[in-house]
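Common to both upcoming complexes is subunit A, partnered first by subunit B, then by subunit C.
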Partner chain A sequence: MDISTGATVKSHCVGTTAIVYASDYLNKLTGEKIERECRRQLDSGCRALVIDFSDTQLVNSIGISILLGIIDIAEKSGAQVVFSDVNNQTIQLFDMLGLTRHVALARNEQEALSTLSGFNSTPTVH
Partner chain B sequence: MSIADFNGRVLARVPRHDFVGRADELDRIVKHANAQSGRGLLLLMTPSAGCSELLRQAYDRLFNQQSDVIPLYYAFTRHETTAVSAAIEFLQTVLQQYLAFRRKEPALCRAPLTLQDVLELAPSSDLEWIEPLVKMYERIRFSNDNRALVRFCLGAPQRIPARSGKAFVMFDGAQLADDLNGSVILGAELLRVFGRSGQSFVLAGLRRQILDSARAAESNFELLDLLRLEQLNAEEAHSLVDHVALRSKVVLTSEVRDLLVQQFAGSPFFITNFLQAAREKNIALNTYLDCERLYVDELLGGHVNHHFTNLLEEMAPEVEKRVRLIRVIWEAVAGDEKSASIEGWRRRLEVEPAELENILHHLHIQEFVNWTGATIDATTGSQTWKDYLRAAYRLAIKADPRALVVAETIAEALKRAPNTMARHYKQSDRIDLRGVVGAFDCQRVPALLFDYDPFRKTYKGLDDAELQSQLASEANLAKLPQTVHVASCYAFDSATRKAYDEERCVVAHAFEDGIYTDAQQTVWLIAELEAKLEVDIELAKTWFDRLESLARQNDFQRHQVWLISNEGFDEAACEFLRQHAAFCSNKRQLEILIQQIGATSAVQPAPVEAPDEFLMVVPMGEENELLAASAVEQIARRLTFPPQAINQIKTAIVEACINASEHSHSPDRKIYQRFRVESDRLVVTISNRGIVPTNVGSNNAHLSKQESSDATAEDRRGWGLKLIRSLMDEVEFERVDEGTSLRMTKYLRTV
Partner chain C sequence: MEPSTHKLIHTFGALADLGQEVANTGDFTEMVRTSLHLLLGTLALRRGAVAECNDQRTLGCVALWGLDDGFLQEFSVSEQEQSELLSIETPALLIKESNASFLQRYHEFLTTEGIELVVPMIVRQELTGFVLLGGKASGEEFSADDFETIRAMVRHIGVGIHTHRLIEQVAQRAEENRRLYEELRAIYRDTVRAFAAAIDIKDKYTQGHSERVGRYSEIIAQEMGWSEDEVEGIQIAGYLHDVGKLVVDRNIINAPYHIDAKSSNELNRHPVAGYEILAPINHPYADIPLMAKYHHERLDGRGYPDGLTDEQIPLGAKIVSLADAFDAMTTDRPYRRRRSFEDVIRDLRQNSGTQFEPKVVVAFARAILQEISGNAKERRIMKMLGKGYLDGERVPLLLADLIAELDGKLQSTAANG
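Showing the complex of A and B:
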């Protein structure tokens, strides 16, 4: 397992899946750091992204719009994205802004990895 | 009365500590006096910038200094009708102020003394020059030689014996000197007399008039220093409003203060007169409406009206001609005529060429028009002048009912006020593009500061410290040219004024490597684009084509287009600009460039009225919205809101704070938050100063899931308000003159 904290965003790889950890507050600054890290992981060959929200207490609309940008970037690279460990309030916001229509949610990292292995064996439906 | 009794004030009308701004100018005048260099100082005043109090303050400082510099202050007034009477008045003033200084009795400056009184009050050591002076004056006065009399009176300060000190004369209102009747043109005459006297002096007046007088007198400009007096800057003007309002006991809010400063363009003359009117009418200035009502009163009948009407009466004493003059000027202003013909004006005014010349001269020195000799540009006057003209035109020529003119002028002023403030806030918030480009001087900077795409890929998401350290190792450096001239694009293409914001689109003439040859000469055309997100190819192309067209029109051979936008450019736009060898940067790149080249009822919280009300003010930025969110969490817990509702309130507050920070151009960069606890609800009001957002009043901003995530990137950045409306039970914009005040209510429900 490869662990990195590039640009202050924690991440590690499991095979060709990058797991990127969001911080406690997702806003423009932290969102851009996540975006940067996701781009870096995709450029270095990752085929799927798990963004872990276990530390995330609060998100704002700019942070969410950056997440949508990340989904777009991943889509262009042919990579899957799963959000894991998202709290209920944040799910409500994601739902409100239609984000959940574009991304799979998982209870935790393990479930996210399982979901991704399922994607690899079945066609993706978005 | 002695000096001590006057508490330092002799001629000044306001105490020194109440005299705002102009500190440098005051020092300069006093230094000029003390240097005794024998040079003249021409104080070139922008119309209505106010210099009289500055000169009186200088006088007082010199008077209280009691050195060998004898201050003498004389103001030309409209009451003097001839050069001779003004010269006689000057002589009387010189003698009285000399006596006041010598006897250290300030009251003598204003006492109604005759020449006989002067002789009686003069110290015996001074009688030896004052007595002959008075006798000679009596003789010349009845000699019928006006020029000799004027020269004699103006020469009085030179007769003060050296042992008594050196006279330092300050002439105020010099533009009035040339309007005096008689065979002597006094302005030019006094420049001749004082220019040859070897004494230091100040001649203050309208800048265009003073320079004309100096040329007419064939002054030796090597012996003259110039001091330009512009309107006050915003900070000084704010301070002036505060001081005058306090002194006059006029209540006003900071929004109204800021509006006054912008509306009167920092003019001390108009600001002071306006507040004086508020005092006389006992009007509190709490809202824009209070302010504009009084403004229109002033335009139609108060101090402002009096000022402009007097000036027009001087230009055209006969009523019929004056009415024609108002018509011609207003129609030129309304028609945006920048180069009207002289002959056209002459025909419409029905005057002889000489009279027209006199009228145009006066309009020109007051800067109501720009008169080049061949054409007239009537669009240059201040907004106050134009408002006065329009009202005068409607009343005198169109014969509109006065009530209609008043109502419509108030309405126009009210509609204009938020735009005036928005323009000001945007300007204050903006990087000084001219300053940045003007500082280009062959410095070497990382080349990617001019190329957004690689910058985004390499540096976006890095914090400042990381970015600086990585940039330091950038090997690919670009050498900036040396800029020799920067001007607005508008200056090169006035026909497309609306396309170019004067401060956001500039043309810089420069030389590569600072080598002044044709081959090295280059022109940079730079535009700062307004966009919330990355600029797309269409907008980038529009601006690129616009600047290229400007380059072609002006035959700029070698040129470089550089586009700047807050959030940079999308990939297609970057590709397009790269193909056309144009530069593109985002705001962060520009800020780094600046560092590298070394260029250098507002929403004031009302007092908390209820015990269940909390007030919090946080600076914008630095994630301070989290402080507000944390505070409201504590308050909501006391009301036993469930965790989900607390999170919704917190998110709504964060969004409101972000909106306030991102779009307001707030002058104080603060967010005002009021939390009111009621038995069944929590009411949160988030306010900020700045521009009024365009979506205020829109009630259709609820989210629908279908439209949300499919929205374009630009729309996504407008999610904040929609989110707030979805998270809170009631959301309402409160009416404020400027900025935003958003009230959000969450009801307590059993879950």
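Showing the complex of A and C:
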């Protein structure tokens, strides 16, 4: 397992899946760092992204816009995106705004990886 | 929490952030980019752009999100299209429904790029630009509430852009004024220097005198810690201190030997004549006429034209007085060769406190010493005095002694109140 914390965004790869950790408050500053890290991972050949929200308390409008951008980039690269360990309040927000139509949600990182491995059959979506 | 409440809180948060963002007068492009993010994130729109009116007929994209690099960077809008956009009562146009001619013209391009909504930004009845928006990530149609939110946020962005333009225009005008003022000052300085050269041409033995007095005065004032403006002013005063000589008979000025009392009286008119020439002029620096008038006054009251004493004499006039006397001592005259520098130092020591202001002498001596010891950025004084003039071994010691002696006197005078 290769772990990097480049530009303060923690990430690591499991095979061709990159797991990127979002910070406690997903706003412009942290959102742009996550976006850069996701782009970097996709450019270096990752085929799937797991964004881990276990530390994330709050996502603001800019955070939503940046996440939509990441989904867009991933779609254009033919990569899958899973959001893992998202708190209930943020799930409600993602649901309300329609983000969950474009990504799968997983309870934790392990489940996210299982979800991705099963994408070719039936995805486990929460 | 009810979904509607949740949505309201999310929108309020975005509006609060947007209010802060548009008030930010820093990086304009970043302000627009962040504002676009806030708008897109509020309704989870997948793509969008903000275009600003560059001039009457073109709009340039300032920020893009979720759109390809090939997206148009510039849109054109005719006068008729502009009037049409300005007359729309609820300015949020769904491309698929609107008949606005501007949208008709770009319909195919915008639809292909996934743009669904065009919102003109209108501030004070002017088209400031427009915001282009893609569809919602939820796939739902825009609701009436969505339109209200979009219009409110676009109005904020429009005001932000408009304010930025105003600030930019004010800054541009201020910069133009500053440049114009600098140009005027440069013209004034050049004119004064040319005038100084004209004054000196009248006196065939002292060519370059006014220029040198200007420069010595500048150096002394800098050493005394005067501001940049004040230093420029004293330099000008130095250039013009002898302007009154223009009204003195050329034969008196160019007399090869000491002149008689009558001619001396005539020559001594030049400070007042200089004042009369300079006083009606609106100089960009203070007290230039007074510095010309009083550059032959002495601390002991034996100078002319008014016989002023110490505190009555403006400090600028004291500086010009020393610079004038120093140049007279260090240049050849028709009836004598220039004096050695050691002799000049002796003169300064003897006449400090009676003819010359000691503080000014100390400042000048310090400036000369710095040049001799290689601590000055430029060797301006040495250049004017010519090669070898300050080479004597004793010169630095004499200067240091002069400084110490006068500093001591100044300190004891200050201590005695």
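List of remarks:
The rule we apply is simple: the second predicted complex is superposed on the first by the 119 of 126 C-alpha atoms of A that agree within 3 Å, B and C clash if a C-alpha of one lies under 4 Å from a C-alpha of the other, contacts with A are read in each partner's own complex, and residues count from 1 in each chain.
Quick note on the criterion: a residue touches a chain if its C-beta (ideal position, glycine included) is under 8 Å from a C-beta of that chain, and two chains touch if they have at least 3 such contacts.
Only a predicted model underlies this, so the values are computations on that prediction, with no experimental measurement involved.
When both complexes are overlaid on chain A, the residue A:16 reaches neither subunit B nor subunit C. Shared-chain residue A:8: touches subunit B; no touch with subunit C.
Once the two complexes are laid over each other on the shared chain, residue contacts for A:33 go to subunit B alone; subunit C is not touched. Of the two partner chains placed around the shared chain by superposition, subunit B and subunit C are both touched by A:65.
Applying the stated contact rule after C-alpha superposition, one finds that A:98 touches each of subunit B and subunit C. In the superposition on chain A, no contact is made by A:77 with either subunit B or subunit C.
Measured by the number of subunit A residues touched, the leading partner among subunit B and subunit C is B.
The contact surfaces that subunit B and subunit C form on subunit A in the two complexes overlap at residues 60-62, 64-65, 68-69, 89, 92-93, 96-99, 101-102. Of all residues in subunit A, only 7-8, 25, 27, 29, 32-33, 35-37, 39, 58-62, 64-65, 68-69, 88-89, 92-93, 95-99, 101-102 touch subunit B in the complex they form. The touching residues of subunit B, when paired with subunit A in their complex, are 457, 460-463, 466, 623, 625-626, 629, 643-644, 647-648, 650-651, 654-655, 658, 703, 705-706, 708-710, 713, 716-717, 719-720, 723, 726. Within the complex formed with subunit C, the residues of subunit A that make contact are 28, 60-66, 68-69, 72, 89, 92-93, 96-99, 101-102.
Within the complex formed with subunit A, the subunit C residues making contact are 1, 3, 6-7, 10, 13-14, 17, 34, 36-47, 65-66, 136-140.
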